[in-house]
Structure formats: structure tokens, C-alpha cells
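Letters A, B and C name the chains as they come in the text, with residue numbers starting at 1 for each one.
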């Protein structure tokens, strides 16, 4: 069963395979199951890009999409996540994509469900398809990960992206360091450096979104303006970046906070490129999931279109 | 016009025809209209299984689905159900599936709308596709209905399922009795028996969901724990059930209230089988509806794939 | 780029072309892009008919639909409309349909987005596809616009319909006058006449919906009943209408306020015909948009089915 729950469970070999398939999808490869299949997307938190990115990826693979948002469901009648997913499985879902505010929500599902589960973001925990699209974006730029200087800056502690990326980038050979407010640093993830040093050293400068909805900025006694001056990518700072370095951000961007508005679509920025790549890595992940399901069920019905 | 509003309007012959078609769909039969057709699903109450069950059934029949939930619509501007459905008819809906909190909501529609209406649950009134999937599940198990002992236990008074099932099961020859809190019994539906007797006599033990959203449990001065001890299917009680008897529940289950958590997926339980069967009976009901529409309009465009 | 933002930007020649295509779609013409394309529908205000009308139009053209309502999105995280649309563009949307409470919301998008934008209603400003469906309905009836007497009655000031229609109908040669509560008249749109005179002179009597959600009726110190007597189309008034005149209303109708309930589906009424025509004009507008996109990208992949 090809679940995708946490990056640290995915072997390096599998990661490269997913990136390879994603690159083929980018070049125009199409692939569809012969049989009608259903993807159920369960979003217990608001989302634009992740939700539609999965939906487009699914439709490009010819999957029928069942979209479920928590507000309109039996979850209001107190149904557990396990019972909801089991129900969708019986109704006919062949793969389930879940975003949930609870960290590691999938622990109650793993091994109890016979269809693959794809984690589309769990609380402050993991967001593996975001990691994969970041990897795809970096690889398009630099070809390799070994020896690259990656600086992850900002709201590290509350970021699913930081957590997922820190482990895998180090595994692939990159040097990963963290900057931003020291209160938001998580020593378990890696080394802290001063932000201005990060700006100058980084090949890849990953700016994180301030998770307004997860904590109160007032706690740190910094105004949004002060944050931008101290820890945001200002135009001045961007001019001190290395020649071929790039700017990344998982989005949505708080323009003028993490990054100056003018830089979002500047030549160094790969922010919308990341969004575009998201569809291709999700196609690869979904193909991997449904193909594994068919294989386990002995259905040899898959083919390249 | 092949509406499906209440079980008591459907002839015994029609019921057997729907069950026959549902069984064919279960065996893999496919059927699609040649022409593009639209199903509009109007859900004025939250629902997971019924909503997605209809949606999957519709997509398996090749219908395009318009999903409508009350929160995002002109209903907020005070539009009546009749005007909403007439609008969807003009826009191109060929069949409309409605769940609504008002008992017999369809009285304002019947005869005024030229597309078939399928009742997906009205207040405490009817839920005919739930009845049909229950019948399908019982028939898979026992082949016939005549002489079967069916015990319906729990929140009888507030249950659409109890109401729809009581009439039809008796009509098909089963012995139907009711148990649970005496305050929740509805004498008009049939005979009351003690729950422990029901457990031992029943071929089919239908547990009903406590409709927390429809009434206040405090009124009966019983804690959830006491309810489970007195009227819930405990493991102890399940061991006194007859050899080939089965457990049913319309779901969502309040685990540990109506039924011990361990029994939900136990060998006697058909709870998730009911969910699976729901898709097949809905395919049969939808096929009957859209085929009748085409027939009335003189469109001979239907065929078995 | 074939946006559709305001009627006054669309040339008379283009209007007639859209109406011509809409008439062909009504007669059964089908047209589909060869390549899979996505339409993103962004609704920041509740809507039934406009939303589903676009959705059906899109699906009839074979477009895949991404439906977005503001409640379930990153807009809750403070993302701007521009960033939301840019994101959908990167994810793969080929055309975007937007309803928004802000007048002229599209000013921030125009020229910055490389996919066509269709305005599905902006605040009290414009609602061009509603205008087009009104034109289609009038043309079906009278063949020409020149010299027709059009009376627009009611909540003129708050009506997107009045604003869009006033300009274009005059341009096409019709005589357009306004009636209703004088406080709700907007002198910039055209001449005011007494409602009873309007009833007797009009070839087309356009009744507007009272926008309860946009202003407080109490301000005008008129009860709903008094409004109906003074400015509503009563049965008595309808009997004084000209022989071949018709009644129109953009809907949803407040039955018994703007119009007597019995008149909504009376022989003179074209209210549900307008709804039906809405799908055809939207097909024409969407075809125009996606075909222009393909042309600009040098993709010669379009054909008549």
C-alpha cells in the first residue's frame, strides 16, 4: 500500500522516483487508469492551493473527485475520522487525501484502511507533498541537492513545511540552517544562524508563512512592520543574495510581512513555480498510490496513455 | 414520472425490480445514458454517506453532478424550495435528489416539476433509499423476507429509517417489532418488546442512531453509559443472538452508545455492507428515474453498455 | 484576451456574435476543446442560478470545473484576490469566473493575469452575463431591439442588472425608462416614469429584485405589502399590459413583493425562460474566452464537434 504520510518514511529511492515521474508529467506525459476510480479529498481545514492542486492532479489522471469539507458532513454528528474514511472506502473511494488540524491524524487509519492515504497536511506536523514540490523546484534549478545551502527562515516551530523539509533535505545532502525569531526556532530541526548571514549564504532561501491562525503574534511583542524589518526579505536584503540563488515560499504569502510585495514575482522568486510544480508531484504521488492499489488487488488494468 | 418519495407509494413489484437491478449493479453491470445528463443534489442538512453515496452512484451512471448545499445559495436570499428546484430544472437538471429537515418537503414539488424527485431523507419522515439498501442487505443474507424476525431498537420515534422500514418490511412478510426506551416507541408503527427478548429472537437486529441533533437526551434522564447498558448492543448481549442473525445500523454509529465499539466490524455486523449496498440501490433508483424521464420525453436514447 | 467584465466594454458587433452563438447552442450545437481545460468558479457571494448556470455551461463545453466558495479557502488566511487567481492560474485554470461583493473587483486583475476573467456579478456594479441573457430573451420575442419600450422597475439603485442593461439596451436602440420608488431611482441611468404608465407602455417590463441583503427596506417606511400595492406587478396591473408585452425578472423573485405569485409562471412571464437562456449565453461567453486563449497561445486545437 503506497500511503504518503511523512517524508521520513519515504526512501530516498522512492523520492527520486516520484520526482522523476513528476518531471515526466511536467513534460506532458499522461497516464490514466482504465477503470473509473474515485479520489476522496477530505479537508478539515481551509485550503485553496493544496485542495485545488490535488483536484486538478486527480482530474488530469482521469479520477473522479469526491470533495468533502468538514462543515457539511456527518462529522457534525460526531463521526470519527476512522468511520468517515471507512465509509468513503465502502462507497467506492480508491484513494483518500486528507488535511487535518490534528498532528498525525493518520495514526488511527494506518493499517485499518485498505485504500492508500495521502497526507495533505496535519496540524504542525507534516506536509509531504509540499516537501516534494519544494524538492522538484530546487532540482529544476540546481540539478542536485548535495552541498546546497538551504536557509529556512521564519515561523519554523509552527511550520509543517520546515519539519518535512529539514529531514529530507539533509538526507539528500543539503546543508540546512534556520533563521528568524529565536523563539520560533526548534533546536531539534537543526542549526540556527543570523538571518542576514542566511541571506548572503543561501542558494535557496525558504521563507515561511507566519501562521496567524496557529498562534498569536502579540506574544512576541513585534509589530508586523518590525517583523518585516528584522526577519522579512526586504528589497535591500534581496540585493545581497548570491547570484544564482532563489527565493521560495510555501504560500499563501503575507505580502509585506515575510517578503516585500515587489519580490513575490521577481526574477529570483520561484513562488508561483512551486504552485505549478505542486500539480505534477501530486499526479506522481496519486499515480503511485492508485497503481499500488491495483497491483495489490491483482488488477492489471493500468497503462500509459 | 418515477419519483421516489416514500416507500409506501412504491409497489411491491417495483421494490423487487429495484432490488434486482441493484443486484446486477453489484455484479458489475454498467448502464449509461447516451446523452449528457445532470443530477442536482440538494442537501439542506449535513450528510456524508448519503451525499457521497448518491454522488458515486450518479458518476458511475455517467451523470454530471451539481452539488448544492443550503449555505451557499439563494436560499439565503429567501428563495423557496419550489423556485430553487424549478430553477435547477431550467438550468438543465434531469433529476433532483433532496435531503431536507422539513417532513414531506416534496409536497410543494410533486406534480409541479417535470423532472423526477428522489427523497434523500425528510425530517423525521422518510428515507426510502435507506430502506431499499436495508432490504438489499437482508435479502443478500436470507434470500426472502417472509417470516423473518426483525427487531428495530432505539430512537424509533425520531427515526426516518424506522418509519420507512416498518411499513415495507411488514408488507414483504417480515415480523417487525420494536424495542428501546418506551418513551421513544411509536405505537402506530407496531408491537413493542423487551430489548433482551429482541436480541434473542431477531434474525435481523436493527440498531438505530440516537438523533442527538433532533432532541435532547437529558429529557430521558439517562446518561450515555446507562443507555448503553439498558438499550445498547453490548458484547454480552451479542453473544445471546441467534446463530445466523445479523446486526444492522443506518450509521453514523455512536460507538459505545447504541453498540459496543468492538461489534461495529464484527462477523455479525453488516453495517459497512449496508454502506456499500447504498451505492447499488441508488444506481437502480437513479436509472429508473432518468430512464422514465427519457421515455416520457420520447427519447429512445438509453442503452446497456 | 476575451475577458467579460462590463457590458459597456463589449462592442455591439461582439454582442451580436455572442447572441448568435448562444442561439446556436440553444438549437443544439455542441462545441468542445480537444484538450482538457479547467474553469475555476470563484463565488465570494451566495448564488444558486448564476453558479449552476455557469457550471452547467462549462460542463456542456466539456470543461473541468473547480468550484471555490470563499468560506473554504485561504481567503480566510488573508490572501488577496489577485494572489488567489494567480494561484489558480498556475494550478491550471484556463478561465476564471468570479462573483464578488466589491464593485469592480477585477481592476486588480486586469492585465496581470494571463487567463480570461468573466465577471459573474460585482457588488452593485455589473453583471454582464445577466444582461446578455436578458438580450437573448428579448430578441427571441421581438427579433429586434430598435424602438422597443423597456421599463425597468424597482430597486434600480442597488441593481447590477439595471446598470448593465440600461447602457446596452439604449445602445441597441431601445427606449429605456425607469420606475419604482423615487428614492431608488438613479438619474444617471435614464428617465423616470410613473409605474402605472410604465405598465401600459412597455413591451418589456423588467421587474427588479429588492436587494434585502444590500439595504434596509425600513429606511423607506414602506411595508412589503405597501410596496407590492404601489410598485409591484399585481394581477390588476398585469391586465393593463400591452397585448404582446412580456414580464422579465432576474430572479430570485420575492413572490408577492415585486410580483404577484400567480404571475411568475403566467403566459406573459419569461422569468424561467431567462434562466434557461442563461446557460446558452454563458456557453457562448466561455467559448469566446477559451478559444481566444488558445488562439493567443498558438494552439490550433479547437473544433466544432
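We take it that a residue touches a chain if its C-beta (ideal position, glycine included) is under 8 Å from a C-beta of that chain, and two chains touch if they have at least 3 such contacts.
Here's who's who by UniProt: A, B, C = Aspartate carbamoyltransferase.
Here the structure is a predicted model, which is why all the values come from computation and not from measurement.
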Intersection of the contact lists for chain B and chain C: A
Self-contact between copies chain A and chain B, residue sets same or different by half: different
Angular offset of chain A relative to chain C [C-alpha, multiple of 5 degrees]: 120
For chain A paired with chain B, centre-to-centre distance based on mean C-alpha positions, whole Å: 39
Where chain A touches two or more other chains at once, by residue number: 71
Residues on chain B engaged by chain C in the complex (per definition of touch): 36, 38, 40, 64, 66, 68, 71-80, 83-84, 86-88, 90-92
Interface residues, chain B side, partner chain A - complex: 43, 46-49, 51-53, 55-56, 59-60, 69, 71, 212-213, 251-255, 272-273, 275-276, 278-279
